[in-house]
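Chains: A, B, C and D, in written order; residue numbering restarts at 1 for each.
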Amino acid sequence: MGQDYVLNKDYFIDVIKDLIVLAEEKRDYFTGLDSAIGDGDHGINLSIGFREVEKNLEEWAKEDLTTFFRKVGMALLSKVGGSAGPLYGSFFMKFGTPANGKDEVNFQEFYEMFKVAVESIEARGKAVVGEKTMVDALRPGLDAFEKAIEEGLAPKEAFNKFKEAANEGADSTIPLVAKKGRAMRLGERAVGHKDPGAASSAAFIETFYNKLP
Amino acid sequence: MTMKRLINDPYDVVEEMIDGYVRAHKDYVKVLENDGRVVVSKKAPVKDKVGVIIGGGSGHEPLFLGYVGEGFADAAVIGNINTSPSPEPCYNAVKAVDAGKGCIYLYGNYAGDVMNFDMGAEMAAADGIRVETVLVTDDVVSSENIEDRRGVAGDVFVFKAAAAKADLGGDLDEVKAAAEKANANTRSMGVALSSATLPATGKPIFEMEDGDMEIGMGIHGEPGVRRGKIEPADKVIDQIMDHILADMPLESGDEVAVLVNSLGATPLIDLHICYRRVDQILEEKGVKVHRAYVGPFATSMDMAGMSVTITKLDDELKQLLDHPCDTPYLTIK
Amino acid sequence: MTMKRLINDPYDVVEEMIDGYVRAHKDYVKVLENDGRVVVSKKAPVKDKVGVIIGGGSGHEPLFLGYVGEGFADAAVIGNINTSPSPEPCYNAVKAVDAGKGCIYLYGNYAGDVMNFDMGAEMAAADGIRVETVLVTDDVVSSENIEDRRGVAGDVFVFKAAAAKADLGGDLDEVKAAAEKANANTRSMGVALSSATLPATGKPIFEMEDGDMEIGMGIHGEPGVRRGKIEPADKVIDQIMDHILADMPLESGDEVAVLVNSLGATPLIDLHICYRRVDQILEEKGVKVHRAYVGPFATSMDMAGMSVTITKLDDELKQLLDHPCDTPYLTIK
Amino acid sequence: MGQDYVLNKDYFIDVIKDLIVLAEEKRDYFTGLDSAIGDGDHGINLSIGFREVEKNLEEWAKEDLTTFFRKVGMALLSKVGGSAGPLYGSFFMKFGTPANGKDEVNFQEFYEMFKVAVESIEARGKAVVGEKTMVDALRPGLDAFEKAIEEGLAPKEAFNKFKEAANEGADSTIPLVAKKGRAMRLGERAVGHKDPGAASSAAFIETFYNKLP
């Protein structure tokens, strides 16, 4: 599957650069979602984290992908705090491990990167689908991606399934009562609002998609 | 509306606050050389004493760093505004204050804080340092289940009890038990009349219609139980006390500690008018107030509003709350 | 805009506040049986000690009643909101705390206060009790002539110095001299970002355009020196320090006490960011900060804003400011 | 002069009742004037004082005029505080003394009541005309009253001169820089604003005028 579809460091660095831009541009949007059902800082948390990544990007870009993403993850973990810090921190710290110290990955490895990253968010937050968290975007997204690969779709088309399912998953949080995170204490009052973490996760995946060759 | 705040770059508020804090209170605290988010008592580590570590997001000052000092917390771990600190400073705080008797993490029950502090404790465990945790869960209306409740101004009494136990030479299990006992006997509830302003956005965290109040709101602006027009102080207190006393009934002869806490912009005049009503209600029930605090103890920056905290006391808790301490924002002789 | 205050009948705020205050802080103070506007230390009259009486209008809490207690003031005389107390309670305070060594009146320099306290002193004189007065005049920009200046947060240091002198056994002349020395070495200046709300009208005392600040405004909302858009904290502090240091130059090696005071709604985060800049400026000049306070010490209810107070110290003033005291809003071990 | 023009207790009680009403009705007006150049409480101060008078009026109305006004003055002095308390307190404490313990006064005594009352404000506050205080309304008013009496005007006409001159005097404070009271620290910034105490004094005099038979 997609053995010749190679993603090199430039691709990943470009994605991170776009995530840095996204974190600024969508800061007030994510924060607004969090104001409705949380404490109004999700966008600020991401912007604090990605500002730290931006500061070090040139330096870290010299590293292999495993080290590079571990550093990105550690930056998010150490600069952000809250829920987003450990969750996205784990995501990126794990994300590079399937690259095994290399500077490029094939599509199978690319898939595995998301697999271990999403699993590490699940492990860290212990959330399952339907609890109104980022897992509602990431898990269905990953499952759809896996299925598309099994069905033999071309790499970019397969990842498009990830993107679409993640977006749908984020939207699916709107009618939910929350079972994890700050919103959990709102009961019915959380209904009608999109989960900020699910929204940012879907936007992250979209950013990965947009840069795919 | 423009934000009425005196800050520089909003992304620097926490670092500049900490810098200002250690400059102003240099006789009490220092910041760790290897971690700018850990404020440590000048006396720590204290020989043969369990290390008491408190922490959480910024924006609730004097919580948490204001209570670091002799007889109270050994260190505070400081997160971004309304955001738990990350695992590393939680761990670094342990390394800085552990005196061989282990450490206790004390903080309000928020998912983010739990994740980060737990990671800090895992890192400490890897070094062979035992770290126990007690989550403060005093906000009565935030959940039916006590263990799911948020921690708000009750932090002050729970931290104080645990810290006094540590100061009196208690071991880690005893300190933990003291914190758990204080937490089990502490209930709080608040009312917000406005939102705090987030420095990064320059905007209120949430919208509130002019003239509205929200009963039961959390200190990060988490929605409460009821929104309505601002009512007279006595009516507001009556509602708050109804909720608290329904959850933790008090009888004639009981003794309590009371904290009437400003969320930031509510002046001492109003707080004392509120305290008056709390005291009248307790007096009617024959409940004795052993100790009362009125002022800004656990705030939400410039939020208008207040909270009432009641801790039911036995002899041990009385002793622990009366135990001397000396910190920049709470001194007991 | 509706007022964001928690009160009952606005005409009862002062009485209810005092009632709440003595209920909350009953270990420290009582209210006079024959005069509801005089809050007296439970220890007063203190044998062989000059009676220290502070006072003024309400709305500046913890000024004045918050500083009544051991080692600090013996009594506070409490006026209506922003309004000097009347002569009778000024006189009744003397009767309550005089221990045969005479009393000192300490308050901010406002015409209304002078008229009323002077009448109180005349009444005491008729009883053969000597009462001296020192007016606090720390607000640098309120007049060219020092004796015409208003008293603002500098009250805290001036009262503290005089009270410590009394506590150390000084006679009335010595206590007066200590107050005068502290006052002569104290300068303050503030900035307001909003008006306080007057309970009686439910409205701001003065109009301020959204986003404006007023440099040099008094704690009752008296106009200052310049109105303009809100600026970054460091720029605001630079201007304030320029005024203060132009009026009271400091040299390398000088020692000072610093108070960065909230006018009510400005959170501790912002105050510490401001303190940081004050400290940087003093550090650059080689001036040593002997003691610093950051918080709400002399407020204007829910006004957003802050003030900086600097007191230049000699050995005597250091000793007096360091002298232990125990009151509900300032305790020094 | 006006020997048959007798003012009895009912007149004075009616005036006080009207002052009680005035203090409420004009509370926010006086307070507004004080917001501009003082501390925004003059109207509230007067309303606090006259509410106390109202509470006791029925009781005090049993007393002779001297005692009655001493009690009114003491109430203002003890309940108000600030500048208005001692100033208007002195005014009313003195005001009844020319009545010499009687229940009615002739016009000569009525004039003397104002004379001693205004003088006591001057003695207490040490202000002279031109310093932007209540003296700017009261002193010219009293002088005009005196002159009108000397010129032989009928009682009510003579007092009308008091009223007119007090109103003019209050208006005359508008262009002034203040030399006494809180406004003194404003320098030029006080210019353009009417002094609140001068405004309330003029309104008091007008109230006395309106009830004259």
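Everything below uses one rule, namely that contacts are C-beta pairs under 8 Å (C-beta built on N, C-alpha and C of every residue); 3 or more make two chains touch, one makes a residue touch a chain.
Every value quoted in this text rests on a predicted model; they were computed, and no experiment measured them.
Chain centres computed from CA atoms place D at the largest separation from chain B.
Rounded to a whole number, the gap between the C-alpha centres of chain A and chain B is 33 angstrom. In terms of their C-alpha centroids, the spacing between chain A and chain D amounts to 75 Å. Taking each chain's centre as the average of its CA atoms, chain B and chain D sit 54 Å apart. Touching two or more other chains at once is no residue of chain B.
Taken chain by chain, the contacts run in an open path, each chain touching the next and the two ends left apart. Listed by label, the pairs of touching chains are A-B, B-C, C-D. Partner chain B is touched in their complex by these residues of chain C: 1-9, 13-14, 16-21, 23-25, 58-59, 61-62, 66, 191, 193-194, 199, 210-211, 230, 232-234, 236, 258, 260, 264-277, 279, 289, 292-296, 299, 301-302, 304, 306, 324, 326, 328-329, 331-333. Only residues 27-28, 31, 35-41, 44-45, 47-48, 51, 77-87, 89, 124-125, 180-182, 184-186, 189 of chain A touch chain B when the two sit together in their complex. Of all residues in chain B, those touching chain A in their complex are 11, 57, 79-88, 110-112, 115-116, 119, 142-143, 148-150, 198, 200-201, 205-207, 218, 220-223.
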